[in-house]
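Labels for the chains are A, B and C, by order of writing; each one numbers its residues from 1.
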Amino acid sequence: MEIFLQQVVSGLATGGIYGSLALALVMIYQATDVVNYAQGEMAMFSTYLAWTMINAGLPYWAAFVATLAIAFVGGLVIERVVIRPVENAPILTIVIVCIGLLVILNSLAGWIYSYIQKPFPSPFPETPIVIGTVVFGAHDLGAIGVTLVVLVFLYGFFRYTMLGLAMRAAAQNPSSSRLCGIRVGWMLAVGWGLAALVGAVAGMMVAPIVFLDPNTSPGGAVLGGLIVGVVENLVGTYVRFIGTELKLTVALTMILVVLVVKPSGLFGRAVVHRV
Amino acid sequence: MTGARAWERALVVAALALACALPFALSGFRAFQFTQVGIYAIALLGLNILTGYNGQISLGHGAFYAIGAYTTAIMLDKWNVPYGLTIPVAGLVCLVAGFLFGIPALRLEGLYLALATFALALAVPQILKYFEHWTGGSQGIVLSRPEAPAGLTLTPDQWLYFMTLGVLVVLFVLSANLLRGRTGRAIVAIRDNPIAAQAMGVNTALYKSLTFGVSAAYTGVAGALSAVAVAFVAPDTFNVFLSITLLVGIVVGGLASISGAIFGALFIQFVPNWAQDISKAAPWAIYGIFLIVFMYTMPRGIAGSLKLVLNRLARASGGAGGPV
Amino acid sequence: MALLEVEGLEAQYGWTKVLHGIRFEVEDGGITTILGANGAGKTTTLRAVCGMVRTAGEIRFDGRRLAGRATEDIVRLGIAHVPEGRGTFMQLTVEENLRLGAYARREKGALAGALTRVYDYFPVLGERRRQIAGSLSGGEQQMLAVGRALMLRPRLLLLDEPSLGLAPLVVREIFRIVRAINREERVGVLLVEQNAATALDLADHAYLLETGRVVMSGPSADLRRDDAIRRAYLGY
């Protein structure tokens, strides 16, 4: 019984990281319509950058902040340079460009850092936290804390700032947004930047648990989380199809709890079709 | 435009003649590569019927490819069924599987459907490993390559090539007829305006799940052919990357275009090899760059660009032409 | 000098030319209306002023040439456009819609004042400020669109058929408020309408557009007395 409880708790912890990050990405998606299939690879690459900086002797949190900044700017620049030329092309053309981006990043990471797994440090103490008879990994708890901060930050950003509002407007009604003076293209770029930033957080929080290597990247898990999150967001009924991996299933349960409380997502956006 | 039609027909005949001559001019290995192109082309046509014509994005067609391949492999391995017979059965199994998956997929649109099918692609290799008794687990199933029937003086490579070509021609003609007629118009109408299509009396739910079934059947036949040709199936060859490759194939080849399937198949078969020749260190980076540049220059795929050229040729030769 | 001067304006969609060199003006603080039937090019004229279609010809706002500027930059000069179909952000709240109207304004603290002003003109919007804009009635959405434009504190207001699909009583109310805005804020108005009678009552200057050409222009009072206009557009 104790072993069972222990398993549930540690599963819940990892699932919690995936779950909250998936939720963060879903939030960005809902607010900006930014779909980035290279999301996972960008996260993986950011984590490698963090690894490089930490190995060069930078303190963890300095490397953390620097990585976030690089990821944000990187996402922004990639949107402006790579995605912009196909902005008005059919959606699948954009998807293919994203796939191109994905294989480039994956291949570059393998080339620069080799495909050998690398350990990634955790900023949290190694001593576990014991509550009753159940043991929590300090990293698990810390990572959940960090992702929750990201979540709250994003929620506040979209809800209360003018820029967040403008981004949501640009996603909903581009032509009307232009008439309000909003530079729609840049809003999209900021969306990419934010998504890259959240991905980087995900990568750095998950890497200490699963190690770093270009193929089984933490980013891939985040993408999985995103998939589950988005699909879940629309149809709770199809859970059975997806729950092939326990971690994701637990992440799913986390999201489910949120969805039961707020069924149409955090902004309460109901989809209405006009004929 | 009749001029463009004539050009098109001439090209089809030329391509077919070239395809028949090809295996005699090439080494066995090259011929095998072109067999692979034919197999991909069938799979791509299947995906294109669903995604290009009907507008349902699937990131999981590798799953149907796998189901087709395993149907054939299991029938050959366990029951010694003649391989020629396993191929239509594989198509049938995938037709049913696709139709059934198409029903829940009715409720999903665009990105959400893409993600649900993506989940399917993720799940299939794991399911295959799970039913180890039938599938041989991660080890897969090793088969023997078929010889050419007695009386035909063909090498096994050439025989496989012509068998694939035969299946390809039949399936392409079938789909061309299907898509040109009433059914094809209904399929396209659903993509362009589902509500209007419904209002005109098209049973959108039935058509969409049927399209899913037909599409899966094509891709399943391709999978079955690949099991016969490669003489080996293993779960990890049908990973997510296969599904993504198929999607790349139809977009690069040209959405909602039958000839696009061939162009796309050539691309996904040969471009990774070229990338490998250019850079051994990071071949996929080269491939990615190539893919992106390709999308910039031909956002509507090879078939889309070719159509523009053909129209221009026809106008030049036919004199007066309408606006583009 | 007029607030908006347009000369030799041409516009096209694809290969189809919609405007064939029209000229018109809006006085500073004046109300000009462009009348015409469906497809005469009225909406295109407004879109051309805002840089939303490819154009040739001369458009000057407050003496500055608008050609080649992006829509976002034209808005920053003080031109607010209430587009065809109202351009409501359906999934945002009423107040969020209004806040977006002030997006292009730089000055700090302008928001609260602007909101109060809009709620003064349209009390119903104040009552529904927390409601999702998509749940408003047609008339309320039109008020929201005008209110959003007002948030910019514009010098020129472009109105695209504000009467479309609304009950006569609601139309009268909206036109009354537009007149009040015009007088109290000295906002120039360029109004495009099919509803000629109402538009001519409001405007001091009018132009009649037929298939992309100005066929008649002058003070509203003159046009209202013209026999051809009366028969074709006023119906008496």
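Definition applied: a residue touches a chain if its C-beta (ideal position, glycine included) is under 8 Å from a C-beta of that chain, and two chains touch if they have at least 3 such contacts.
These figures come from a predicted structure and were not determined experimentally.
The innermost chain, defined by the distance from its C-alpha mean to the mean of all protein C-alpha atoms, is A. When every chain is reduced to the mean of its CA atoms, the largest separation from chain A belongs to C.
Sorting all chain pairs by how many C-beta pairs they have in contact places A-B at the top.
Centroids of chain B and chain C (each the mean of its C-alpha atoms) stand 52 Å apart.
The distance from the centre of chain A to the centre of chain B, with each centre set as the mean of the Cα atoms, comes to 32 Å. Centre-to-centre, using mean CA coordinates, chain A is 43 Å away from chain C. Those residues of chain C that touch chain A in the complex are listed here as 50, 52, 70-72, 75-76, 80-81, 83, 87-92, 96, 99-101, 103-104, 134, 148, 152. Put simply, chain A touches chain B in their complex at residues 35, 82, 85-86, 89-93, 95-97, 99-104, 106-108, 110-111, 224, 227, 230-231, 234-235, 238, 241-242, 244, 273, 275. Chain A makes touch with chain C in their complex at residues 162, 165-166, 168-169, 172-173, 175-183, 267, 269-270, 272.
Residue ranges on chain B touching chain A, taken from their complex, read 51, 57, 104, 107-108, 110-112, 114-116, 118-120, 122-123, 126, 195, 244, 247-248, 251-252, 255, 281-285, 287-292, 295-296, 299-300.
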